[in-house]
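My structure is below; once you've seen it, I'll send some questions.
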Amino acid sequence: MDLATFAQVIVNGILTGGLYSLIAVGLTLIFGVMRVINFVHGETLMIGSYLTYFLFTLYGIDPFISLPLAIFVLFSFGVAIQRFFINPVIDAPHFNQILLTFGLVLILQNLALILFTGNYVSMTTGYSAISLKLGPIRMGLARLTGFVIAIVLTVLLSVALKKTEWGKSVRAVTQDREAAMLMGVNVDRVNILAFGVGSAMGGAGGVVTSMIMYTFPLIGMLFILKAFAIVVLGGFGSIAGAVVGSLILGLTESLVTNYLPNGSGWAEGVSFLILIVILVIRPKGLFYVE
Amino acid sequence: MALLECVRVTKYFGGLAALLEVDLRVSSGEIVGLIGPNGSGKTTLFNLITGLYPLSRGTIRFKGEEILGFKPFQICQKGIGRTFQITKLFARMTVLENVMVGALYGKGKDSDDLKKARLTAEAILDRVGLGSKKNARVSDLTLEDKKRLELSKALSTRPGLLLLDEVMAGLNPTEIKEVMELIRKIRQDGVTIIVVEHVMHAVMKLADRLYVLHHGEKIAEGSPEEVSKNKRVIESYLGEEFLLASS
Amino acid sequence: MSNKGYAKILSLLILLGFLLFIPSVLSQYSLHLMILVMVFVVIATSWNILVWTHQISLGHAAFFGIGAYTAALMYNAWQLPIYFDLVLGGVFASLGAILIGVICLRMAPWALAIATLAFAEAVKILVIMLPGLTEGAEGVAIAPLYGGGETAKVYAYYLVLAIAFLTVLMAYLLKRSKLYYAFTAIHDDQEAANMLGINPTKYKVMAFTTSAFFVGVVGGFYAHYISYIDPHGVFNIHISVEAQIMPLMGGLYTVAGPVVGAFILTLLGEYLRITVKTGYLIIYGIILVLLIFYLPKGLVGLVEGWTRRK
């Protein structure tokens, strides 16, 4: 086993993990607060991705600048979805919630299909092709940038959760909704903001993916399943768990891709394997918030 | 031979002892009361007897046979039934259908015969006083009726031992009297009963013997008179609602 | 028997007569559509059975695909008579159900839902990654059913009609049996059911296995009928989605519901696919959202509401 290759594989895995972490963090935030199975979350990534792509190809706007815009747009999107679609079914059986969000997913995916066609599109920015070399390890600049963005946003979110009023309310509601209500927390407002922020994180994830890979209408589905695997692994409601879970998934996929024959095909199955295994042996996840 | 024996029953949740070395015996035909302040472990004991989770230490014997490690549906087959503090009724079924479930699958097993099960269920509902409401939906029932239905469900499996978990909670004095009569009727029908209750005057009048739990330990045992005079019992209830039976 | 009872039986006989008669008047294409309808009648009815025990499967396509691949591979290897293939398809699907059912048994319904989704995707990947066994992504070709051609289609139709009939019959008998009490008890309050002598594991696995079996059988049929299958076609998430929408639209806790839903949505889907082409599934999404908000009891529930008020 070649140490240089191994190091490269690890680095790739970590960078991929960073890519996943944005959407996973958003999902775990939403689930922690609202306990709702939310498939629509994948579409926030899709929207963010297309937004960045079109802003770049049509107007030459650099993804970095699209980022705050995407965050704003997806935040509003999340708030709207929460108020009009999710909130009404928040106390409905999970069955209804799942099917409702599935329905929304179908609508959004096919809207994208109709508007943008099913073609895979990608953008080439000035720095897409640049790789940094650190000893024997290469890192695509785009990937590295995406990773940094993910870290920055996640840190900002964590700080917000610790220091702001809203953040404290979120943590209270995640731990014990009833107790939080009794303490006077405006749970409705917390829900809406959490959904908004979570969706914004997903949107940011979309910005990052558009920098690194291609975009297509069904991209949300691809990532949401991984996000679910990560959130289940890390524990619903735990930001730290989502980050760690993302890294674990990224690393495992990277290792499988490189060291298993036909690895890249099997790598896709890693998330599902993790999902099933964790749901069986430790359904609350590694860092669950009780 | 006692019908039910709990020997040194102990249950830890994490580091906390919910029950510590509790001994309890119930003989056939008795009504035994299990009382104690909130959190003293009464429901936990019921949960252990019915196999909801395993003991940490000790053993439980029913009709001489150890019943550790059995699942609730197996415990039911052996002849133990229970009601739940918060009624667990089947919302999508009518009152009659609720009772038929136990008739079909419980120990009495009118298996494979829906007609027989229906007759059994109707008989139980009549005995319990819900006969006129047999086609009602669960959501249309009053609290007292829900408690009666919960009781009927437990009876539908033809238990030899019935565990009642706060059947009287939330009922007014008239309703409480009615339920007390019902419990006596059930005992007359040959069912042994353990009653967990907070309505003190009721359980004092009903029970042949009492056990008192406090912080998971048995602190007293004996007839209602003996227990009501027990210093430790009185102390443990200080600060709680405490209705002494007036003789 | 009441008038309502007679009316029901009469309408059922008319429906049956209609279904038996139509091959003689339909075009080849329309007959193909009816075959698809029957396939989905089986899938929708089977999926619905799971709901009766409060289990949700988001990956029912897995069982369809397992049945399809089992039948295709077995037939290509050993030229078994078609009925054997179909039953084997059902059996293997059931084994898959037992596997996923047992390991996911202690999960809350939402966890089971996600696990079944993962299971479907995982099986798809397995099939793709083991080309030695399954021809991988290239797919499997099978000799066309009954030799192909026009009369073959008619035979195919009667075969799938029989399968659909048996499935619906199974659901109907189940709903009137003692088992339905166990299922509903588990659905409403599993702990209470347990305390009344019902082993939740036994009955949940039973429901899962039964549900998967019929889907596997019709998957096997589909493989023979369409004479070429590939992983993305038979393990398609759309099959799983339709498996849910159809019973929801028709009425979840009924026997007729999934049948009604299957009829309407298969025909609607085909119509949309042809007219609107891209993105027609958006209509499905809209229907789904509207159903959840306004018609949670489905169409059959709606009709029952009307008749009750009369």
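First chain written, first letter: the chains are A, B and C, and each begins at residue 1.
What we mean here is this: a residue touches a chain if its C-beta (ideal position, glycine included) is under 8 Å from a C-beta of that chain, and two chains touch if they have at least 3 such contacts.
If you're wondering where the values come from, they're calculated on a predicted model, not measured in any experiment.
A.B. asks: If each step moves to a chain the current one touches, what is the fewest number of steps from chain A to chain B?
C.D. replies: Each step joins two touching chains, and the minimum needed here is 2.
A.B. asks: More C-beta pairs touching across which pair, B-C or A-C?
C.D. replies: A-C
A.B. asks: Chain with the smallest distance from its CA centroid to the overall CA centroid?
C.D. replies: Looking at where each chain's C-alpha mean falls, the closest to the middle is C.
A.B. asks: Centroid of chain A to centroid of chain B, CA atoms only: how many Å?
C.D. replies: For chain A versus chain B, the centre distance works out to 49 Å.
A.B. asks: Taking each chain's centre as the mean position of its Cα atoms, how many Å separate chain B from chain C?
C.D. replies: Those two chain centres are 44 Å apart.
A.B. asks: Distance from the CA centroid of chain A to that of chain C, rounded to the nearest Å?
C.D. replies: Result: the chain centres lie 33 Å from each other.
A.B. asks: Indicate the residues of chain C shared as contacts by at least two other chains.
C.D. replies: Answer for chain C, listing residues that touch two or more other chains: there are none.
A.B. asks: Which chain B residues qualify as touching chain C in the complex?
C.D. replies: Counting only chain B, the residues touching chain C are 50, 52, 71-73, 75-77, 81-82, 84, 88-93, 97, 100-102, 104-107, 111-112, 114, 117, 153-154, 156-157.
A.B. asks: Chain B touches which residues of chain C in the complex?
C.D. replies: The touching residues are 178, 181-182, 184-185, 187-189, 191-200, 253.
A.B. asks: Touching residues of chain A toward chain C in the complex: what are they?
C.D. replies: Those residues of chain A that touch chain C are 37, 85, 88-89, 92, 94-96, 98-100, 102-111, 113-114, 117-118, 221, 225, 228-229, 232, 262, 265-266, 268-269, 271-273, 275-276, 279-280, 283.
A.B. asks: If we count contacts the way the header does, which residues on chain C are in touch with chain A in the complex?
C.D. replies: 51, 56, 58, 103-104, 106-111, 113-115, 117-119, 121-122, 125-126, 128-129, 237, 241, 244-245, 248, 278-282, 284-289, 291-293, 296
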